[in-house]
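Chain naming follows the written order as A, B, C and D, and within any one chain the residues start at number 1.
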Amino acid sequence: MIVNMSSIATEEEIRHVIERIKECGYQAHVIHGSERTVIGAVGSNGRRAEIEALRAAPGVEEVIQITHPFKLVSRQLRQRGTIVDVGGVKIGGGDLVVIAGPCSVESGEQLMATARAVKAAGGNMLRGGAYKPRTSPYDFQGLGVEALHLLRDASAETGLPIVTEVMSEVDVEIVAEYADMLQVGARNMQNFSLLRKLATFERPILLKRGPSATVKEWLLAAEYLLAGGNANVVLCERGIKTFETATRNTLDLSAIALAKELSHLPVLADPSHGTGLRSLVPPMSKAAAAVGADGLIIEVHPCPERALSDGPQSLDLAGFAELMKGLGKEYPRAVKAA
Amino acid sequence: MIVNMSSIATEEEIRHVIERIKECGYQAHVIHGSERTVIGAVGSNGRRAEIEALRAAPGVEEVIQITHPFKLVSRQLRQRGTIVDVGGVKIGGGDLVVIAGPCSVESGEQLMATARAVKAAGGNMLRGGAYKPRTSPYDFQGLGVEALHLLRDASAETGLPIVTEVMSEVDVEIVAEYADMLQVGARNMQNFSLLRKLATFERPILLKRGPSATVKEWLLAAEYLLAGGNANVVLCERGIKTFETATRNTLDLSAIALAKELSHLPVLADPSHGTGLRSLVPPMSKAAAAVGADGLIIEVHPCPERALSDGPQSLDLAGFAELMKGLGKEYPRAVKAA
Amino acid sequence: MIVNMSSIATEEEIRHVIERIKECGYQAHVIHGSERTVIGAVGSNGRRAEIEALRAAPGVEEVIQITHPFKLVSRQLRQRGTIVDVGGVKIGGGDLVVIAGPCSVESGEQLMATARAVKAAGGNMLRGGAYKPRTSPYDFQGLGVEALHLLRDASAETGLPIVTEVMSEVDVEIVAEYADMLQVGARNMQNFSLLRKLATFERPILLKRGPSATVKEWLLAAEYLLAGGNANVVLCERGIKTFETATRNTLDLSAIALAKELSHLPVLADPSHGTGLRSLVPPMSKAAAAVGADGLIIEVHPCPERALSDGPQSLDLAGFAELMKGLGKEYPRAVKAA
Amino acid sequence: MIVNMSSIATEEEIRHVIERIKECGYQAHVIHGSERTVIGAVGSNGRRAEIEALRAAPGVEEVIQITHPFKLVSRQLRQRGTIVDVGGVKIGGGDLVVIAGPCSVESGEQLMATARAVKAAGGNMLRGGAYKPRTSPYDFQGLGVEALHLLRDASAETGLPIVTEVMSEVDVEIVAEYADMLQVGARNMQNFSLLRKLATFERPILLKRGPSATVKEWLLAAEYLLAGGNANVVLCERGIKTFETATRNTLDLSAIALAKELSHLPVLADPSHGTGLRSLVPPMSKAAAAVGADGLIIEVHPCPERALSDGPQSLDLAGFAELMKGLGKEYPRAVKAA
């Protein structure tokens, strides 16, 4: 850590900081510049939080952290990319994995029709919301346990492993019983209680990036899972909040390239939430594949204009089949239709 | 709701939308403009979600919602401002309520020294974190239940009611047993499972605005609490994420004025998290009082440079006393020192 | 336009709005809903600005615009994409056009070495800054006219047309004399005086998106050029400001797909400014090609670590050649090496 | 400057950076940490830009700047606050200066009626747009020179000095002939050609903060003016872009406190553009006064619902008089009514 003293810091203030750095278990390296003094705190066993608090000491202008705060997710720790196995589907192994399904599970027919179409078009996994995080308490909140049953049935028939969101630590056991992969939604990326609970399970986790989280914050959320014991983590970029109002979010494809540079974990793209507009899903899917994403998660509905949630961004069944054909044709990495 | 048809929508697409509007329980009012057709969906008992999904129907360009999505928190419902009573302290009653204390409870001495100073300077309530939401799993996570005991002791001696954050629905019971007011932190503003759980209690809630939430989303989070049965809700603006890097967040004082215009709930300001810089806490406290905030929540620590969290934004005990004097002198609404 | 009256608007306030709508040359269509009244202003020859001002009339809650504010740039006006010819290079014609060169022209050797390498690797045009917009007055501000001479020389030798930024309306004549294409930088996207001046020339314009502009604002800036008489406009997405601090900007590839959907103008991507990091330039270049960009503009420098500006995001000559090979191999649209 | 080497940097890469630092005219101080090496570049006469470019050298992870990039505007240079005299009105001298008037000058009657009301209510200066920066080329662009004449007339009658925006360096001479103070609009904050031109005049400048500029970038824009020779600069916070959609911008009052801490220049607040909503102008005006702003600039129109621009955020004449009374009563610093 580097402590940047103010240009008007006194000798005594500088001495005080040096002493505190030593108290905290670090060595202090002092650089007297032409305008100001800068002090490096060097060592690996010191109490970092206390150095950060020195920002509050008199004469200190800034405390600059120079090491990455994440460890277990870091590619420096592990050069080889992690492959996460979800019911036989390998995410991170080089193939473009495609997860598709409705935003919410609404009924048996809706889900089964979608699941069959996803399978037929070459999709690898099925998604579907059982518990829905909704901005308004008056919006459809999901079918809950009933949806979990329907997902299992659809999986049994099609052989597609399923992923569904878990919103509450209270629901982790039940959802883990039914689902092959548990999704942490964007709003819960920093729900640390939930992360700590999920870390104690082995089930693979799909960790969505928060809509205003930096890549570093996202990786630190993943670090909670790995530090707690669950190494089966897949990241998912789903769009960040920006000023653009024409799209629901802004899908940040550079975050995928950056996350893969910084971490060994696989990274998916969600062009449905990332754009909020059906017409942008195919071009952004292709772009995500080109940037190096390990897979896509796409919303599909038999009749988007009757969907109880996210209709405008859902492809219909024909639209999904066409997208898959497009991916298969242009990108050798894409999965072949069954 | 208004359905804005594309300028190249066909007659049949228009007819289809009109039919769907009727099927959903609304009347359809059609306006044929010079360039395009616009259709109003009128009525109060229709199925709103299905109209929104029409965005996905062919020929539709936009579905525009024209009513506020929140009800129970709305000032239209209740002209008179709500007063929330927290252990005898009335928030929303016209006086500027000042809540102060350390970011984290670190020890009995630290907390008691702070509590006494807060009381002596005229503060009305004591804050202190027992469970801390930290971006990194390697940062100090709070003393947990031990901190709740220490808070109770400090309250017993000083008579100050206490507020502390609850991060998990699993902890709601225990925290509610000890604290006079439960805080929902900014990262949990849209943790709907937690909100639903808190709604079943009577304990007053301090609901912080999410760092990238709009005022409307914030009010909808409060609506979860009121709709679930807990009307004792106090809002708190604590700064939003912006491009500014010199401050930790940007304290949005206009959101306080706007929230008070749209809702009957009391609104506090948190200039400590809102700025992240100690020197900005006093001017922003005065500005918050001037804009009409019902109170302030301020971080105070006996020795900020040794704080385990948020040192740079914490006032020391003398700084807090001086701020209170400043508020008392210039703002007649401020609480007098004991 | 739709005027959304407050739910507590009086009969008289509603009548007043209806009268004003008629005064402004529109017809008024009134929809009495269950909660509130909504009034449509219909017609094509009314005075739009005055309807917008009705937002300030008593009882009005909102005035909602339902038509796109841009006309000449709109794809509804012209289904076929525009092809802009820059010294023989056709932008928008289906091939992926690659423009490359140094951020700033620093010397004859630097520029000529780069130009030759760009040509050899298959680049189509040469870029290089003569006048540099710099955040600090103490940073290198460009060589000015001398740089224009050097650019002409490099173009003469390599046959590559050149594009360079013009920052001031005072410089438009001189820059237009030397350059084949004039760039409007991101900071000047809404420099309307400059846009109006450029509209009176025929030289093709490269219009960068402002770092916090919406796609609509960007298209309206282009509309200034077309409305003023210059139809040779190429758009360029160069990254928007977001919370992400690890990258310089966030390259918004969905804006490219969206701009091409809304407008007939060609759209380029600038992955160098868009990311600020050399390692992200190749993956984002491929993603931009996949999303449908008509070309790329890429910073290249013979020795990035000695560049007077933008070194960290510049490819060296070998890195650029490798990128071109990668594009050529995977994307049949990419230009072949000479 | 601090060069932060990657944890996997080689000895040779470290040596190379040290050599480059010396070549650039600095001394190199090396700190070998437990995980990585950090190198300080110390000295005051080195070539800073070249050190920054080292970010592009192999093995370098980051180059961290530790000094403020602005000099002449800095409070460290000049402890005492600057007072700018505009036709006898002193900005920065302790009184709250109130500038008011219409967004655009629309006619002689409109302007004169407003000017008289501003004067009567105790306003100190008159504002009014002659050249308007408008997002769309089809919106009202201002009366130009005619408006300048009308502003002079209004000033002659009321004695109020006038401020108006100059959008183009070509117009600087003519605007400077008529106006007492020249405004640089938010969109032009980084129009460096305009800033350089204005720096050669003596007329006071009102420099608005760009809607997505950091405080540091804003101060650097002011530095262009001071470095070029014009020290009569007043800063103006007018709201930044955020996610909030209910307000036009987010007025960042902490930026006022921060700018006054970092710089000796006076700072105004513009609550009209800052909020976009008339009802929020009075509370935010009071808050701006409380936070320490040196003055306010407020939009006033005789009939906001007929204003050709910015109607929704304009106070009418009675509303302005009431605001002034409110400021006068509660804030002793506010100007007394004439």
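Following the convention adopted for this analysis, a contact is a pair of C-beta atoms (placed from the backbone, for glycine too) under 8 Å apart; a residue touches a chain by one contact, two chains touch by 3 or more.
In this text, all values refer to a predicted model and were calculated from it rather than measured experimentally.
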Exercise for the section: In contact with chain A and with chain D at once: which chains are those? Just list them. Expected result: B, C
Practice task
Starting from the Cα centroid of chain A, hunt down the chain whose centroid lies farthest away.
Solution key: D
Practice task
State, to the nearest whole Å, the distance from the C-alpha centre of chain A to the C-alpha centre of chain C.
Solution key: 30
Fill in the blank from the handout: Here the gap between chain A and chain B, centre to centre from mean Cα coordinates and rounded to Å, is 26
Problem - Averaged-CA centre spacing for the pair chain C and chain B, given as whole angstrom - result: 38
Fill in the blank from the handout: So chain D residues touching two or more other chains come to 212, 241, 243, 245
Completion exercise
Touching chain C in the complex, chain B uses residues 2, 4, 7-8, 29, 31-36, 38, 40, 42-44, 62, 64, 66-67, 76, 241, 243, 245
Handout entry: Touching residues on chain C, where the partner in the complex is chain A
Key = 212-216, 240, 242-247, 250-255, 257-258, 261, 274-275, 277, 279-280, 283-284, 286-292, 330
Problem - Residues of chain C defined as touching chain D within the complex - result: 20, 48-50, 52-57, 69-71, 133-140, 167-171, 187-188, 190-194, 211-212, 217, 220, 223-224, 227-228, 241, 278, 304-309, 311-312, 314
